[in-house]
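Everything below concerns the one structure shown next.
Each chain gets a letter, A, B, C, D, E and F, in the order it is written, and its residues are counted from 1.
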Amino acid sequence: MGMVDVTEKPVIKREAEAGGRILLSPDTIQQIQKGHIKKGDPFQVAEIAAMNATKQTHLLIPHCHQIALDAVNVTFQVSKDSIEAGCLVRAQARTGVEMEALVGVSSALNALWDMVKYLEKNEEGQYPNTRITDIRVLRKTKELSVPIICLLLVGMTMLLFFQSEEDVHSKIAGGKKMEIKITSSAFKPGGMIPVQYTCDGQDVSPPLSWMG
Amino acid sequence: MGMVDVTEKPVIKREAEAGGRILLSPDTIQQIQKGHIKKGDPFQVAEIAAMNATKQTHLLIPHCHQIALDAVNVTFQVSKDSIEAGCLVRAQARTGVEMEALVGVSSALNALWDMVKYLEKNEEGQYPNTRITDIRVLRKTKELSVPIICLLLVGMTMLLFFQSEEDVHSKIAGGKKMEIKITSSAFKPGGMIPVQYTCDGQDVSPPLSWMG
Amino acid sequence: MGMVDVTEKPVIKREAEAGGRILLSPDTIQQIQKGHIKKGDPFQVAEIAAMNATKQTHLLIPHCHQIALDAVNVTFQVSKDSIEAGCLVRAQARTGVEMEALVGVSSALNALWDMVKYLEKNEEGQYPNTRITDIRVLRKTKELSVPIICLLLVGMTMLLFFQSEEDVHSKIAGGKKMEIKITSSAFKPGGMIPVQYTCDGQDVSPPLSWMG
Amino acid sequence: MGMVDVTEKPVIKREAEAGGRILLSPDTIQQIQKGHIKKGDPFQVAEIAAMNATKQTHLLIPHCHQIALDAVNVTFQVSKDSIEAGCLVRAQARTGVEMEALVGVSSALNALWDMVKYLEKNEEGQYPNTRITDIRVLRKTKELSVPIICLLLVGMTMLLFFQSEEDVHSKIAGGKKMEIKITSSAFKPGGMIPVQYTCDGQDVSPPLSWMG
Amino acid sequence: MGMVDVTEKPVIKREAEAGGRILLSPDTIQQIQKGHIKKGDPFQVAEIAAMNATKQTHLLIPHCHQIALDAVNVTFQVSKDSIEAGCLVRAQARTGVEMEALVGVSSALNALWDMVKYLEKNEEGQYPNTRITDIRVLRKTKELSVPIICLLLVGMTMLLFFQSEEDVHSKIAGGKKMEIKITSSAFKPGGMIPVQYTCDGQDVSPPLSWMG
Amino acid sequence: MGMVDVTEKPVIKREAEAGGRILLSPDTIQQIQKGHIKKGDPFQVAEIAAMNATKQTHLLIPHCHQIALDAVNVTFQVSKDSIEAGCLVRAQARTGVEMEALVGVSSALNALWDMVKYLEKNEEGQYPNTRITDIRVLRKTKELSVPIICLLLVGMTMLLFFQSEEDVHSKIAGGKKMEIKITSSAFKPGGMIPVQYTCDGQDVSPPLSWMG
């Protein structure tokens, strides 16, 4: 029970796009297009509502992880009797971001409703025709970004080193002999890595306290 | 520009119910009914997501007022290939609560999606058939509650007093003569009410500092 | 399922006090008393943590209602090897505030821990002796405040009026005859109250739009 | 220590207006006026930032009470090299709302900065001339609203009743004799009010459970 | 004064587990075990309360950093007259996560209390026996993850390069001569790294704008 | 429309410092210096308000990204009739943190105002002289941290590999021949990297599921 463990999943580039539609009366749509909505431009308000909600997805959907989004892109397409909203989000994370996109598009559509509710209400204060519909994930992708690819390759290369008993890299630089010696046989999981850095034979290893 | 002024609207009993539906594969529905969902009972999670979101409506929908809800009732009806969610909210407030109900039902449906997304995803990680649809306000009512009715009646009665030049209420109680004297002609909007309380001729008016 | 309906409960004065204790090493207590804690005064920080958390109780405890607190009082008693924290909250609300007090005291104690964790940790980075204990509700009261008593009395009086077929209050003020006539028989639950206001026979009823 | 106790202060109408100014380069102002800002209309964004922040004042300023605002009004005045923002808030509360207005205007000005920062930055990425200045409370008022006046008058009237040993109100309604009898001498602070309701001599008192 | 600077600490794998216990009456425990609790399953509610609170630790405990958690695991063990809750959290972060675990377990226990408070209250509305006790950090670990180890090794290796005056890596690939030349002597802290990439003598360095 | 896409910007070390000043009456300053402020130490409260606000910048300023801060440093300088506040923040992020610093300093100054408002108010409840002024970004820097430099260098080196048709790294370790073979020609953007790991000719490639 709890929030799924993603510790071992690599940070990769995630993208998801969700869409949804709000059905409004043609009159309301016309008022929107004329820029006559009393509380301001519904699209700007809905855009901000979407951005704000996506950034709170982890507090709105109980099992969602906290994900710092790199991009939120909100779009609107107006037709005669409905508005289609889209919300695309991007992040570099250990798990997918489709919930962020869905939360964003829901919030955009709810905010649109709020902006025009005085036009959509009938005389009894009811909304017989207003409807939010067709909320869906349009697309979800994951991709290894160039830095991630590099890190993984390096990581895999390093795994090789750990299979050698002892591994020494040396280099002459500025007239000094720099050396890194990794003693894999002394390594144990969860422990510190037995790496020794020397410069002309002198130990120049970074202090362990640097580790945390 | 800003949040609509509701200062002069009376606090009355407000209720709104919103509904919405998520389309899921029959297999997913069966897994839910068997209680096999990995992250726990989707209905409990969605119920909490709805309660939590309704209480944050004013932060999610930019123009919404802060409304302390008296009740949030979340319901689910499961059919072969969809789940219908309902969210009823009640408050005693100066403005309606349909946005709270809509935000609640959206959040419940999004949370359901999150709980079963591992079942709904196809091999490419896409959701070809999952959809949230038909989000609507089922009903919105306002009603004067008994205490509010009373307060309004009293208020209106009091307005009468203000139309008299001077109004004296007196009463013999415990052998003492209590008197309230309201001098309407001395009253001006935004000022203190010129009310004098006496008991056997002695001033017993509450201290003005009590006014705040 | 959802947040319990408190619509019909009256707003009354609520108070609750919770207490709890954190066990710390005598050394840590001494450092606190000398004002030597690196990140600042632990009591000020814990006090603010408590105030902040009480105001978010409805977001932290899923079934809690949003309650605007009138007072939060946080106290600390230091002894040789522990600190006792207290959190008293007051509100005028439809439901009790003991959860707010508990959330406040928990947050105060957690914040204290955070302030002194560098002193409490042993060499392995563990906390063998630190403990939060004995969190309890010390007292919970409810009381009718003077304004509430008044409102209730008025309300009850008004209920009587509704049991009469017709009820007329009249008054001569400023030479004019003001009259309020309530026709209870024409009243139906959820509807408007059939009240007519006249001044010298002329209808002066407030406009219905005022109702909301 | 904690949040100041306002329990005994009456709920009255509060209003506060704060203002402040951001100094921008004339070029930036022109870009704003032409509607050329990349991330959208800075005024709409700043307006929403202000509304959103005012509603979170109690979480941003540690000692502030939770106050449900009735109105937030955000205004902007553009001059050649600065924009003046105003934020007016209204509430019916036990304590003033000037902090809400200040938080609103600060947030509006910060959001404006964010919207035009790409224009204000110099080549070194610094902001040599951008400045937020002159944030002040323009006006703060409190006023007894009509319903509050009524409630207070009623309350004060009721206080008189409590000074009588016994107080009986009776009424013939629908052929029945309704009676309310308040025995003040039996009343004690914090206890229930000894009120008896009878109808033709039969006890019709509302159930105590109604009290909560 | 402020939030401790962790800039120079490496991102490593952090884990912490906290535990705590709530003492309840045996009757309450039985009602829980029979699934008779009115507001729903207390464990699901407490689990969600814990997840939600852990993700807000940085807002609840003033000096805590924002940490994106990779896992939150909440467990409950029921005995005759108490429930033991555990909360394990994992993250890859610059600082430890024991406060997140403590905040999670506190919130779980407070939520349990809320779910059964109607059973625990005595006739005076008090909780004479309910208690939250023994909240402690069971375990706190830090571990270098494989990607982190790799990154550190690479980092350290790279430090060597910086000690050479000039460092050239070349490679024949696809018939072309790729070369990376790092001129350390031209490097200064905070500045760009003087790296030149050539392919058959032609400069193919990535554009500096990519640096951000 | 939406939150600017920073996906392709590298994570680098960011720092920003903002300053601002609150003008107070000399009397208020003296009361502060004597430690006589009723609600506690204004500096501790303002410091916490600043830390808390910086961590919520992405929710307060609509277009701001979520940035986990590594450090928040709040300072105060008291003079005869004003207090200068400073807020320095640090992060390792894809975009700058000047908005975080501005939000922090605004919140600190607003919190100071709140702490002393009872001293600054005149008899009419107005603040004729209190003012927040001169909020500005003092400094904004970005710097490649050592780990980032390393990652970038590695990344660039790796880019070279991708330009070769085939690239083989081999090593004798522990008597075994480890080999990594990258077939760039088989690589396509967004796809998996065709890397084969062998140990004495046997495939030891990490499982693809590890990718996510």
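Just so it is clear, a contact is a pair of C-beta atoms (placed from the backbone, for glycine too) under 8 Å apart; a residue touches a chain by one contact, two chains touch by 3 or more.
All values reported here derive from a predicted model rather than from experimental measurement.
A.B. asks: Both chain A and chain B are touched by which chains?
C.D. replies: D, E
A.B. asks: Which of these pairs, D-F, A-B or B-C, matches A-E in more than half of the residue pairs in contact?
C.D. replies: B-C
A.B. asks: Taking each chain's centre as the mean of its CA atoms, how far is chain B from chain F in angstrom?
C.D. replies: 38
A.B. asks: Starting from the mean Cα coordinates of chain A and chain F, work out the distance between those two points in Å.
C.D. replies: Chain centres of chain A and chain F, defined by C-alpha means, are spaced 16 Å apart.
A.B. asks: Give the residues of chain D that touch two or more other chains, as numbers and ranges in rising order.
C.D. replies: Residues 1, 4, 10, 40, 44-45, 47-48, 52, 56, 59, 62-63, 66, 68, 94, 142, 151-152, 154, 157, 161 of chain D each touch two or more of the other chains.
A.B. asks: Could you run through all the chain pairs that touch each other?
C.D. replies: All chain pairs meeting the touch criterion are A-B, A-D, A-E, A-F, B-C, B-D, B-E, C-D, C-E, C-F, D-F, E-F.
A.B. asks: Quick check: in the complex, which residue numbers of chain A touch chain D?
C.D. replies: Residue list for chain A touching chain D: 40-41, 44-45, 47-48, 52.
A.B. asks: Please give the residue numbers of chain D that touch chain B in the complex, ascending.
C.D. replies: So the residues of chain D touching chain B come out as 8-10, 12-13, 43-44, 47-48, 50-52, 55-56, 66, 68-75, 87-88, 90, 92, 94-95, 141-147, 149-154, 156-157, 160-161, 163-165, 167.
A.B. asks: Write out the stretch or stretches of chain F touching chain A in their complex.
C.D. replies: 1-7, 10, 58-59, 62-63, 65-68, 94, 151-152, 154-155, 157-159, 161, 169, 171, 173-174, 176, 178, 180, 182, 189-190, 192-193, 195, 197, 199, 206, 210-212
A.B. asks: Note which residues of chain C are touching chain E in the complex, please.
C.D. replies: Touching chain E from chain C are residues 1, 4, 20, 39-40, 45, 48-49, 52-53, 56, 59-64, 96, 98-99, 102-103, 106-107, 109-111, 113-115, 117, 125-127, 130-137, 139-142.
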